[in-house]
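Chain nomenclature is as follows: A, B, C, D, E and F, assigned in order of appearance, with residue numbering initiated at 1 for each chain independently.
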């Protein structure tokens, strides 16, 4: 079986950012993504199901350099003003060449 | 009916009581919570139904009758964000961005406040003009746009925010409902009345229960933000409300119509505006505008404001 | 109408048939499933509507008329968990914790069984007392509390569970609806009747379809748990139902009212009780109480119990 | 009424306009979106309500009257997938699997098209036969099965797909509703009419708004797939619709009934068929069948087809 | 504390596959799984909340050999025709012996 | 870019535990968390959308010692009576110092 080592970038952010974030990560080289609705709490207080809208949890499997580009872009353009966290981890992907 | 009696009538309506129940549930830390989908479904239903009913009325109203009120409402839509902005700069000493964010909220309109005022006026025995929902749609957009212009003089992606407001779901549903109502008229209304008209106030009651929960969860922020914001969130509506009633009087509205226009002018948005502001003015502090709009102005209008605007309208019109 | 005719009437009501359809769908392994949000929305609607209607009735009823039935219902609320507990210990040979968990369910009440009984009584031509929903609210809480006390004598975080029950969503909606109905009275009812009253039985029909699916998915556990539990889940309701009818008779209820009180006494909770028990008695086996309450007692009451309590009420009252 | 007047009546119905609003919202890139749970809840409600109403009518209709139309409908159910398959092979030059997938869609039926035709016929002043929903249930299943047989001659897990279709939620709700309606009859109907009948067309209006959004998001694929598919998706319904009207005429239907049977025959499935095909024919290209069924045939029938089938029915029957 | 190193297999797939996938992974040795509804975009275009149904994101914690069996089965029977991605990563599980 | 290595603790549990679990992890040092609703199956049978309520999947990014404290607390107070699983993995977090 061909398992390709890649990076999984996870971003938790205000759901209002969904459209923008998807455009950004595609522009930076992501070939796909998966989103689930989420709620949570962080330094900016509870983000519940109420009103301000909830969070989204966005995952994208990408090569390392794309991962770094995405994280850098987030840090620069989103962290200052929006409720966002982002982290990266190592995964091994079936047919991983599709995502490179 | 005297003023106290009217206040009692308003306070003991199922809608206001449901709002109070929602607040109580949150304060008692109950596990009661509406699913996100239920809240969204109710808001889609309410916005479309308002638009639709207004459209059907519009199809029966000569354009000449609507024209003057429509222009006056547009005037309100341009004036209100300015006064909100100036007051936020002077009285709250806020920066340009936060003042613009507040102005976008107090420049737009709350559909639920509109509905509560309509119900109140009808319960008191008035017959407010049927095309008022058209004016809601007219009041919703310009205020937000003016406010964003004020905040961003010289910079930023205003176009994106403008498009965000115009294609936002509350505008699409209101205006879309209006068009559908106007085009399908009484014949269309007949088929869908048992869904969009008869059960309307019950659905609104449930929606207000949810709003009560949301408002209560904003009370905590309120304490941080301070007393001046509470003043801002009550005096500004009184001011706008009085102007709205007066404008209604000028364009020849009935007492009921002037009451409702007053409440519309006094209301502040909490659907369209927050979404637009979060995109266009990310540096603005959401706690500020959400607490003011939702935890101060909305309950104030619901409980005290509407009877006051009614008293004003009666005093001017009677 | 003779007994068979009544049974037929009950079996062929849309609600009982919808329950059967839900069970059939699950047994046929259909992909039919209600979204979580739809189930929650329906239950919020039903609980609030029951409370609201009861409250409006209450606003028209002199307190003196309600007092005696209310006290009698409280008495039932204290007695039923005790009998359930003792029977669970003796007949099922369960430990203290599992017996307490069962007692909390059979000490509380099922709002849906109440509604089914009310519908049945009305369909047969009776006019059950209008304030019966008040009694549902009174019967919901004490039984759970007594049962938890029995199970936890001497230990544990009972306060938390108590608070959990009192601020649980079913109590908040029922009691909140009652208060809103009582305060807003007929004037309020008029506005929201097309939402909370007229479509009520249709919404209940859909809800029962979902309940049927849930009950069917409990059948598997039932086989593991054994035949004695099936006996427990049918004999106990018959016993409680007979007492309920008799108490209704004593406090002067009509035949319809006594039927409904009997069904309430015979019912077992599956909303408030499971949530409270899971927190307060985590060691108790959920399969046991969910299977008994949902897969045995609820369908039994729905199909056979209600006509039986009606026959009893007629025999005592007629 | 002349043809143009009828077309206008159809185009300006709230339902068709709501479909257009949904499409416009998507094309304007509005953020309007129905929650998944709301879409599912609406479809559960609509399918069950159709079945239920049909069942109640059926309980009042002698079997002998239903028998011939039922057999004729079964005949349509066997013929339509064949013609769809042959046309897909010849005219679109598709492989066996893709042709089978298309045939499953055009062999089954769209409940919403059925409803739109029913509404249209009633609005025009006809009284279509009450048991028509029974025929929807009869037309839903066989077409899919025949089409899958055509595609898989000789191989594959057909049993699984068959079971998938029969226990699929649309069949369970339609047939279950039919049975419940037939068993509980007028007495049952009386209780749930304000929920399942009166608000029906309003709920359908919202549902069509959502369908409009879905259809619009298929337009993009349409361009890739090409013009021949658009022809397929309009000519085939015209052909099937004409046969359906003719069959309706033969079995003695009223003009209204023949119109509705024509629309049913002309419609293509987009609930039951896609699910069954995705499991049974995973190699088939979903873009193809979803675009044809949802972005071509459904709007075509809704806007133009139904008035055409009506004109045909009038011409044959009048 | 006993933290057992195991493999976490994540599968994102069309929701219509849920029943089948659950049967497969159980047959191949998984003792449990967790599913959340998801939406996403990949080589086969947007899979939104609309119509064709959404995606599911299925996670299962398994020993390495079960992980490999699951991934192999997916690659063979699901990747050709359905919208599916799958990847594996290392996790440390409390009371991990339950999942072996 | 500053990527800080931290631990991601994931807990899948009956949704009825949400309030309690959030209190616990905050008390033990977590600065934030993200929750998504989930369903699943494990040693205690299917936990579906039905009735008993569903599961939640709670994630929290924490330093290693907090992770260990959380897992130990779960093992002691929750595993015996409730349907819970918990695992930990390595992630690299943007602006990770916020979560320490």
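What we mean here is this: a residue touches a chain if its C-beta (ideal position, glycine included) is under 8 Å from a C-beta of that chain, and two chains touch if they have at least 3 such contacts.
Remember, it's a predicted structure, so these values are computed and weren't measured experimentally.
*Asks:* List every chain that touches both chain D and chain E.
*Replies:* Neighbours common to chain D and chain E are absent.
*Asks:* Given the touch definition stated above, what is the smallest step count connecting chain C to chain E?
*Replies:* 2
*Asks:* Please flag the chain sitting at the greatest distance from chain C, going by CA centroids.
*Replies:* So the chain farthest away from chain C turns out to be A.
*Asks:* For the Cα fit of chain B against chain C, please give the angle of the superposing rotation, nearest 5 degrees.
*Replies:* It works out to 120 degrees.
*Asks:* With centres defined by CA atoms only, which chain is the most remote from chain E?
*Replies:* Of all chains, B has its centre farthest from that of chain E.
*Asks:* Counting C-beta pairs in contact, which comes out ahead: A-B or A-F?
*Replies:* Between the two chain pairs, A-F has more contacting C-beta pairs.
*Asks:* Just the number, please: Cα centre separation of chain A and chain D in whole Å.
*Replies:* 40
*Asks:* At what distance in angstrom does the C-alpha mean of chain F lie from that of chain E?
*Replies:* That gives a centre separation of 19 Å.
*Asks:* Using mean C-alpha positions as chain centres, tell me how far chain D is from chain F in Å, no decimals.
*Replies:* Measuring from centre to centre gives 47 Å for this pair.
*Asks:* Quick check: what residues of chain C touch more than one other chain, meaning two or more?
*Replies:* Residues 33, 35-38, 41, 194, 198-199, 275 of chain C each touch two or more of the other chains.
*Asks:* Can you list the chain A residues in contact with two or more other chains?
*Replies:* Correct list: 36-37, 89-90.
*Asks:* Pairwise, which chains touch?
*Replies:* Those chain pairs which touch are A-B, A-E, A-F, B-C, B-D, C-D, C-F, D-E, E-F.
*Asks:* What residues on chain D touch chain C, complex-wise?
*Replies:* 35-38, 40-41, 44-45, 48, 52, 164, 167-169, 172-173, 176, 179-180, 183-185, 187-188, 191-196, 198-199, 275
*Asks:* Name, in rising order, each residue of chain F that touches chain C in their complex.
*Replies:* Those residues of chain F that touch chain C are 14, 16, 37, 48-54, 81-82.
*Asks:* Okay, in this complex, where on chain E does chain A touch?
*Replies:* 10, 12, 36-43, 55, 57, 68, 71-72, 74-75, 79, 85-90
*Asks:* Any idea which chain D residues touch chain B in the complex?
*Replies:* 9, 12-14, 17-18, 21, 24-25, 28-38, 41, 119, 123, 194, 198-203, 205-206, 209
*Asks:* With touch defined as at the start, can you tell me which chain D residues reach chain E in the complex?
*Replies:* 33, 35-36, 39, 213-214, 217, 270, 274-275, 278-279, 282-283, 286, 290, 294
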